[in-house]
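What follows is a set of structures to go through.
Same chain, two partners: chain A is paired with chain B first, then with chain C.
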Partner chain A sequence: MNILRLYFKSIGMLLRSHLQYPGSFFMQTLAQLVMEGGEMMVVILIVDRFENLAEWSGSNLYFFFGMMAVSFYLTELFGRGITGDFPGMVRTGRLDTFLVRPRGVLTQVLCGGTDPRRITCIAVGVAALIMGSRLSGIVWTPLKALALVESIAMSCLLILGLFMIEGIFCIYSVKSVELVNAITYGGKSACQYPIDIYPTPLRALFTVVAPFSLTMHVPASWILGKPLYGWPSWTAFVTPLSGVLVFAIMTCLFHLALRHYRSTGS
Partner chain B sequence: MSYIEVSELKKDFIVHKKRQQGKLLREKDTVHALKGVSFTVERGELVGYIGPNGAGKSTTVKILSGILTPDSGSAQVGGIVPWEARKEHVKHIGVVFGQRSQLWWDVPIIDSYNLLKDIYRIPQGDYESRLKELTEALQLEPLMRTPLRLLSLGQRMRAELCGSLLHRPELLFLDEPTIGLDAVSKLALRDFLKWENREYGTTIMLTTHDMEDISALCSRVMVLGHGQKLFDGKLPDLLERFDTIRKVSVKYDDPAPELHLPEGVTCEQAADTLEITYEPAKLPTAQLLAILQDSGNIRELTLQPENTDHLIAAMYKELDL
Partner chain C sequence: MRAYLSVFRMRLRMELQYRGAMIGGILCQMFFGLILVALYRALYAGKPQSVPIESVATYVWLQQAFFRMMVASDNELLDKIRSGDISYDLCRPVHMYSFYYARIAAQKLMGSLMRAIPMLIVAFCLPKGWGMTLPASPFGFLACIPALFLGFLCICALENITVAFTMKTLDPRGMQGLLNLLMVTLSGNLLPLTLFPESWQRFITLFPYAQLLDAPIRLYTGVYAPAEALRIYVIQGVWALILIALGLSMWNANRKRMIVQGG
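Our next item is the complex of A and B:
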């Protein structure tokens, strides 16, 4: 519990520092709204033009889009420490500061960042979710609500785990590997559409390596009443757990890597 | 058993060279940062740790503060091996890196301290009395609501010190604490460190390039070079060994006479001034002055004060660093 308290206190402190320049904060938040709203417009235009994509109706697409937006930007809001400049922290030796304090390094990294401007992006995502749910005529049951919450939570953990990869690489080579962006930001762009519209290699990438389709598409398609690949209902609750698995693996790798940490000169 | 015990500490770094044309793989180079360093430090000692850039000072400090794991050798601080029980170890130490901030950049420093209170789990009562004491000693009261980024270098160093001492560490590492500070700030900082050491028996290890820091603070000095310990002892002993050269500048009424100086004394002419370098141990100053006076009509004579930077340069040269 103490860790949670520390986390929220740190985040509160950072929020206050963000709000020291209310004008700039407001403008940047607005810019985020325009950016994410623009992405949403793209989906709306596609739906307007083609009506459906494979067997997915336009309204289904809004739902998928909303899932990704909410998961991704929630992660950015609360996990900015990791999704932000984690590799930079390793490169510049800012990690040293965390190592000389009696707390977990990952806890401190997470405590070190929040991005409240993403709140408008989350709002766009929520709007897309509601739109998609209404137009698709989803009948909500407690079980479906649970699947949605689990899916979003697990996707957040998955995204955190993926963002940790570059930090881990940096500990070994102190060089950034831009390739990782392909599965983080690339994953976000690709997986806001259902996975089965893609060819097999991409499907494999986002099922085995960065399992967005397991944390997001399997439960979402079940909620929409069109289970992916015709998988049984229980898979909608089990496959998202791959998110926590990826996060756990990355956490272990990170701690292993820390033993090799060599810091940088002063 | 001593408070800090370090024996045969070794650490290598692998440096990747820039890839050369026509070669597929980059060449690797091994840098021996520490080649077997041993020493002990007692509780309450104030130790200066000097050496040229790249001598292994920071590496030692980073190993002792639990940031780095050595390749071989052993180290204990108060019975704890730093890199094996990091969290337990760092509760008892404070670290100030001269060029790297420990506090949060955009927030008022009082907020940073409040968060450190939670990070170190300092009881509220202890925290309040300690904060009051430190803000008074470091004259931080007027700055408490100012974000760190708006502070001057000297103010920032005081703020960092306060932050690193809130949890009453038994051991304080300072990495070039006076770098870039003005004279007044330097003196104030040294006074504070002396006070902290006297009042609480805090053991302090400080790395620096500033000989003044050492002579003002440290009863003991260790010299490190090429990853090895080259000297460990009292400052006067170090000075006796290396502070052997003195300089005199003389101006004569024109024309400057020909000087007949003994073996081992050098004379350089710059404009109308003669710069004479000699070793007082071989040629007593009085004798030299007698020679100079006999040679002609002296208009001006300056005995140059000892210069600690020259001393360090001489020392590094003699030790082949």
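Our next item is the complex of A and C:
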């Protein structure tokens, strides 16, 4: 609990420091809104032209898009320390100072960054979710709401875990490894559409290696009333747990990697 | 003139140094291309369009291959603006706009060619409907090359306009973010312009962003007949002139009222 309090306190301080430059903050937040709005526009244009994607209707696609946008940008908002700042911490040697303080390194990294500009991206995602749910005619029950919350929370952990891969590589190679973007940002682009439209190799990648389809598509399709692969409804609650699994594995690996950490010495 | 040519050459060589980053970039870009092609194939399976899927796949691959040409920016210059070191450049006996135009041109040219050539070779080897196809006609291919060059002039001019905005605001992220987004959307990187609604396409293809890669790709895939090439060149050429003139006037205005940061 102490750690949580510490975390929220640092995030609050960072937020206030971001707001010290209101002009720049406003411009950047606006840029983020336009960016995510542009992505949303692409989905709308695709739905306008093609109407359906395999057995998914256009309104279902908005729902999937909203799930991905909300999960991804919530992670970026609260986990900026890992999703963005970590390579810089290794390169400049800022990580050294974390090692001597009486708190976990991961906690301190997480406390070290937030990205409040993403709030507009989350707003676009929420709008897409509402639009998708209205147009698809979802009848909300407490169970479905629970599945949605669990799915988003687990997806956030999964995304955090995937970004930690980049951090782990970074501890060894100092330079950030662009290739990892393929499964983080690539996963975002690919999995904002339902997984079953992709050929088997891509499907395997996003089910086994980076299980976006388990944390996101299985519960989402159950909520939409079209279970993925016809799986029974209990899977909608069990498969998202793979997110916490990935996060746990990556946390262990991260701590193992830290043992090999050699400071850049600057 | 010699000064600009030599800065162009030096920058070309410097860009050649980052081969490791290049391989990572290529693999990443290929992966994105693959995802997009898979998505469009799934969409086409439900409802085929007038534009054939082979042409959409070619569009995606060419966009991904030349992605670096669009997003590469001169970080050194942006740092100089932020730190105030730009004042040293004001003392140089060269024309600043041309100097940085030559630099950015070299960076974008080498960066994109180094990535595009291996990527396009791989894309040609992919099975039909997944990879690149040959150009619609030999004339289409020939017509595409000058169009690519004119588009390249436009991209470099656009980059210099972004920098001119940064000189005013000092913080590159807001304005650069907005302009980059316009670029990614309206140049057909997020969604091929050929798949935009027809009524939009008539306007969008006249915008400067469509001149960068969309026009050459359309000549390549035969959406524009080679006979139309001259009309396309005129549109591109006019935009290149407008963008360079706009950038020049912005840089000159900035020179007169430059705020130098730091001390």
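Keep this in mind: the second predicted complex is superposed on the first by the 265 of 266 C-alpha atoms of A that agree within 3 Å, B and C clash if a C-alpha of one lies under 4 Å from a C-alpha of the other, contacts with A are read in each partner's own complex, and residues count from 1 in each chain.
Basically, contacts are C-beta pairs under 8 Å (C-beta built on N, C-alpha and C of every residue); 3 or more make two chains touch, one makes a residue touch a chain.
Treat the numbers as computed from the prediction; the structure is a model and nothing was measured.
Considered on the superposed chain A, chain B and chain C are sterically compatible, since they fit side by side. Residue contacts after overlaying the shared chain place A:R5 against chain B, while chain C stays out of touching range.
In the superposition on chain A, contact is made by A:P199 with chain C only, not with chain B.
Look at A:S17: by the touch rule set out above, it reaches chain B but stays clear of chain C. In the superposition on chain A, A:P102 makes contact with chain B only, not with chain C. Taking all C-alpha atoms of chain B against all those of chain C in the superposed arrangement, the shortest distance found is 11 Å.
Comparing the two interfaces of chain A, the one with chain B and the one with chain C have no residue in common. Listed in rising order, the residues of chain B touching chain A in the complex are 13, 16, 58, 62, 65-69, 86-88, 90-91, 93, 95, 97-102, 104, 106-107, 111, 114-115, 118-121, 147, 175-176. Residues 21, 24-25, 27-28, 31-32, 34-36, 38-39, 42-43, 45-47, 49, 169, 171, 173-175, 177-178, 181, 184-185, 190-191, 195-197 of chain C are the ones touching chain A in the complex. Touching chain C in their complex are the following residues of chain A: 24, 27-28, 30-32, 34-35, 38-39, 41-42, 45-46, 48-54, 177-179, 181-182, 186, 189-190, 193, 197-199, 202. For chain A in complex with chain B, the residues that touch the partner chain are 2, 5-6, 9-10, 13-14, 16-17, 20, 93-94, 96-97, 99-104, 108, 173, 259, 261-263, 265-266.
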